[in-house]
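Each chain carries a letter (A, B, C and D) given by its place in the written order, and its residues are counted from 1.
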Amino acid sequence: MSSSDPMKRRDFLTLTGVGACAAAAAGAGLVTLDFLSPKVLFEPPTRFVAGTPLDFPEGTVRFNREQRAYVIGTSGGVYALTAVCTHLGCITRYLSDENVIACPCHGSRFDVEGNVVHGPAPRPLPWIEVKQDTAGNLVVDTAAVIPAGTVLRV
Amino acid sequence: MSGLPPIAVVESNDPLETPRRVALVHPDIRPAVRRSEERMVMTFPHLIVREIILFQVVTIALSIAALLFDAPLQGIANTTETPNPAKAPWYFLGLQELLHYFPPVVAGVLLPGLVVIALVVIPYARVNLTAGPLWTGRGPRALLGVAAAILAVAAFAAVFDCWPVVVPTLAVGAAMLAARGGERGGGTRRAFARVTLPEWIMTWFVIVASVLTIIGTFFRGPGWSFVWPWTTFRTW
Amino acid sequence: MRTPTVAALSGWLRDTSVYRSIVRHGVEDTNLNRSLVVLENLFLHVHPVKVREKTLRLGHTFWLGGITLACTGILFATGILLMFYYHPSVPQAYQDMKELQFVVDNGLFLRNLHRWGAHLMVFAAFAHMLRVFYHRAYRPPRQFNWVVGVVLLLATLGLSYTGYLLPWDQLAFWGVSVGTNMVRAAPWIGEPFRFLLLGGHVVSENALLRFYVLHCVVLPVTLILLVSVHIWRVRKDGGVQGPPEDVP
Amino acid sequence: MRARHVFAITSLVFLGVLAISPAKNALRPYRSLQQQFRKLGATRAHSLKEALRYEGQSVAIRQIWLPRLDGRVDRCATCHLGAADPVMAQAPEPFRLHPATAHTPSEFDRFGCTSCHGGQGPATSLEEAHGIAEDAGPPMLPREQIEAGCGRCHSGETVDEAPVLSRGRAVMTRFGCYACHLVRGHEDFRSEAPPLTTIALKTGAAWLRQWLKNPKTVDPNTTMPSFDLTDAEIDELSHALFGRTPPQELAAAVAAAEREGPGDPAAGKKIFSEARCISCHTVEGKGHGTAPELSKVATAATRGWLLAFVRDPHAFNPRTRMPQYGFSPSESRDVVAYLEDELRDFDAPKDILLPLRVNRTLAEKGEKAFRARGCFACHAGTGATVAERFGPDLNGVGDKKARSLDFGKREDLPRTTPAWLGAKLANPRSFAQGLKMPSFDLPPDDVRAVVTALLALGAQPAPEAYRSAERQPPGVIPGGELGRLFDRYRCLSCHQIGDRGGDISTAPLTHEGSKVRREWLTSYLLVSYSIRPIIEERMPIFRMSRADAELLAGAITSFYVDPAIPQDPFAGHPDSDRDIGEGERLYTSLGCRACHIVGAAGGYYGPPLTDTQSRLQPGWVFAWLKGPQKWRADVRCPDYGLTDTDALRLTAYLETLKAPAETVARGKS
């Protein structure tokens, strides 16, 4: 870059300036995206202790309101279903008289294994993981979806 | 009023050279309207690039300050523990300092109210538009009047023991009186002599406000007592 | 030094119909095109096409209005980002300040920038006012713009003061308590005004919410409107005015 | 063109400056620590799978959120990554496994970290989290005072596993801190200090002067602090105290006692020893030391007052811990004769017990000083309740920021709350002139313990769910006639019942009814003897009536019963569990002999077992053997982890041991 070529030097300076500004703007954009993504969450834990296997004899359906899940005892063991309707996310409730899980919003109905019996719900209720901890308590994790039919033998 | 100065009407039809401008001039106001022979430059890039630079410099300066000094954050608000002293933000500390001396109605309402009103009416007060240097063409009666006004303000402040007002008032007053006949004097006096009355008043106001703000910010400790800036004290 | 690739790329870009639909003028190498940059841009058209060279000098205005405006820009940007992590409630507001520092990436930096920017803005606005006074730039036809400026100064103080409460720390709480108690001294209107301002008789969560709304909505909108008027007037009155002998 | 240069430069600077904060953010220490931890975990892992798990951990802030514990957020685990990870035992800090305590490492999810350690849980840098940074909140508890953390939830007087905290609380109660300072849970505290209405009957001006000058030099056992009074103040206070009118019946009692004839010092000495006065008092330093030193008692009080006081101490001070003995008039004369004869300061000036001629003006000033100095807080008259505490409220003192404390002249102290509290206790008035708190002259260990107890005082009580249910059941004291007896003999001055009572006796009465046999208790109350000869503090012989003794024994054995202790431990067990021979073999092989006496041989540390059959109930013996620490946390008797069968056999053997009188009788025949 020589002074004999002022045109080129002007271009270089402009390019440097505009380039730095563009880089700063792009960087600021990325940093802003990083800024906006939360680093900690205050959400209730997805794992909860449902009780001991003795609390779930065959035919028990227990609804955990806080965790939005059903823990169900069968002859083979214990399993859990999410209580969030697969249609539009309303919270279903268990009707013991009819032994169905019904959604109050649009009338979807599921059997206690989560299969759609009736109504607009597109999918069965997902099964969620039940494990036993070292003390023998049943620990349910609403975030862990497992294949339907996976019953914890107890 | 007689002897209006001749008004020069600027007339140019070349828009690239001079934007067309119409000035409606009230006879009393007499802005000096001259024919402009100034060099003009293109807004883009000359002004725009400077504006960008200005923005960058401000950002850089603030960023450096933000990197070096963390914004203050004390303990969570506690309605039962008043910090001692409890200070307002810095731009209100002049007022808070005044409240230390004057009754609330004077310091909290009257004075700030007067200041705001005074600021608003500045461009509408004839004195601000026409005033020449303070002493030019004024006799001893003006001298007496000015001296009396200075002493009155100082005495009013002194009644309330408000020395941060008294001292700057007397100092500015002394400079005002010294400016009389300063046209023939040395550099400083000559500069003083050119100052108009509104400028004297504004200067006085700025000095008083600064002194009060600085005292309130740096020299006030527990119970609004006088402390040195380097003294450490318990904050509550 | 512009490499042929860059030149080619830039040339190609300028040729695309999309670019041409946005920017209607050519390369800024003629005075006509340079004029069009200003004229055809919403944000730049407050400027005249040409300005007096003298006004570009530092000593002319010390760029004080520009500094104030730059602060405003920075404060808007940082303020909007900070709002994403702020809840105007007790004690969450204070905890949010801590969270900004402890877990939000660059949170403390943004808060610092906002805080110091606010101080600089108040200071620059004061200085700008003094500069205009000593340069007698309030004289006709600029009287009303001076008044707008005074109102802008008050709005700036109001923004700074309402923002002062938002961290909900001891400094904020007592600073605002002391400040609003000064208002009480005003006869007749003092007490009702304070009651309206705080939404109660003491600084409480109501006051926090009111200050938040004032700080984030009412005062910024006022500021934008008045700044527009202020700058538009400057343009209409022939650009910035420097020292008194420099009447254009 | 210059503007272009400037533009290029400022643009580059602009870019550079704006990049600093994100760069700083990317280099935050916790990120590199987490990377170090990954590597460390991978090298320490026991299996490849585990190593991969460590390697795969993401760099992120880790937090424990406890909505039910004040919404506490603890991010300590962001750096202290191995606190709950057994693989990290003995790893370098900050990754080391947390030492095992009652709550860790199993209950981090319930308690977090800051609930015990203090400091700033939400912070993610060392300076902020540990509270070292300038504007940070209260710092972490120093390790010395770590038990203060226990005290936030455990509000009981004694907290197992927190000896320093328990000691601090005991010292605070003994020295009556709560008389001047409001502390949650001690709102009803009343000092044991005597109401000062009978000074004129008790002592002389010269003695009072000495006492007020510095009580500790007169009686090293006193809990009264030194107020650094000026001579003028001492004078005024003396006039005030001598100017008070004593209650009429006490004045009459003292005057009548003064006129009584002399007693027999030799007989008095014997009674003095039987009454076990030094279980509480000391004589020349020998004794327990929670009641006044008696070696110069006759120089401190007139004969008439001593006599009247020994006969009915509760009339003089309703809150004294001294029991009322059942001395006959002549026995009490003998005791006081012994005191007069031997326990006096033979060098004391003759006029030390001469009363003061009261000057009304000085007395009025003295009454003012009495209020101004806060004397009334402890020496409140009988009926008066303390409306407002003399000293500052101590609730929340543990949350105080050092910045809010006035260090005054103490430039030497570190600017921390524990240091300030320690200095305040050790030397209360060293901070500034004219401070009110008197000097208690505590030994350094007690100061440390009290600071721990103080730091446990949070501004807010722990949330309901976290407040500890103390293991001790509440101490229930019966009312009526029985309550009157408990009060008269001041059982609670030495014995614990539930969470109440003194710690002089090693035998709490909480389960006494399940422990001893009723007949034995009656005879023991009438003529007590030393069960554990190694212990100085022994049960006094109260000279109580047989009726009183039977009533007390009956009440205790039927009232203070633990349903968990079986009446008959052998019920439902095979007869082979009564194998006495096997029990005796166990007794020998376990080494019980080292501490206990059976027959003629054995150690002195534990109580002799010679009279087990007549003294202890078999259910208690069995329950004790199954786990002594369950009944007294600090007992040295080892828990052998005996099976039911072994414990029963040992019980069966011990139950064969007969009272010494019978043994002696058998030996003679």
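The rule we apply is simple: a residue touches a chain if its C-beta (ideal position, glycine included) is under 8 Å from a C-beta of that chain, and two chains touch if they have at least 3 such contacts.
Here the structure is a predicted model, which means the values were calculated and not measured.
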**OP:** Could you tell me between which two chains the number of C-beta pairs in contact is largest?
**Re:** B-C
Original post:
Relative to the centroid of every protein C-alpha atom displayed, which chain's own C-alpha centroid is closest?
Top reply: D
Original post:
Centre to centre, by mean C-alpha position, how many angstrom separate chain A and chain D?
Top reply: 52
Original post:
If you average the CA atoms of chain A and of chain C, how many Å lie between those two points?
Top reply: 42
Original post:
For chain B and chain C, what's the span in angstrom between their mean Cα positions?
Top reply: 21
Original post:
CA centre of chain B versus CA centre of chain D: separation in Å?
Top reply: 68
Subject >> Contacts with two or more other chains, residues of chain A listed in rising order >> reply: 21, 31, 34, 39-40
Original post:
Where in chain B do residues touch two or more other chains at once?
Top reply: 45-46, 50, 52, 59, 63, 66-67, 70, 72-75, 81, 236
Original post:
Multi-chain contacts in chain C: which residues touch at least two other chains?
Top reply: 98-99, 101, 103, 105-106, 109
Subject >> Parts of chain C lying in touch with chain B, wherever the complex brings them together >> reply: 28, 31, 34-35, 37-38, 44, 47-54, 56, 63, 66-67, 70-71, 73-74, 90-91, 94, 97-98, 101, 108-109, 111-117, 119-120, 122, 129-130, 133-134, 136, 138-144, 146-147, 150, 154, 157, 160-161, 164, 167-179, 182-187, 190, 202, 238, 247-248
Original post:
Can you list the residues on chain C that touch chain D in the complex?
Top reply: 95, 98-99, 101-103, 105-106, 109
Subject >> List of chain B residues in touch with chain D within their complex >> reply: 45-46, 49-50, 52-53, 56-57, 59-60, 63-64, 66-67, 70, 72-75, 81, 234-236
Original post:
Touching chain C in the complex: which residues of chain D?
Top reply: 21-22, 24-25, 61, 75, 122-125, 128
Subject >> Sites on chain D touched by chain B in the complex >> reply: 3-4, 6-7, 10-11, 13-14, 17-18, 20-21, 24, 135, 137, 401, 403-406
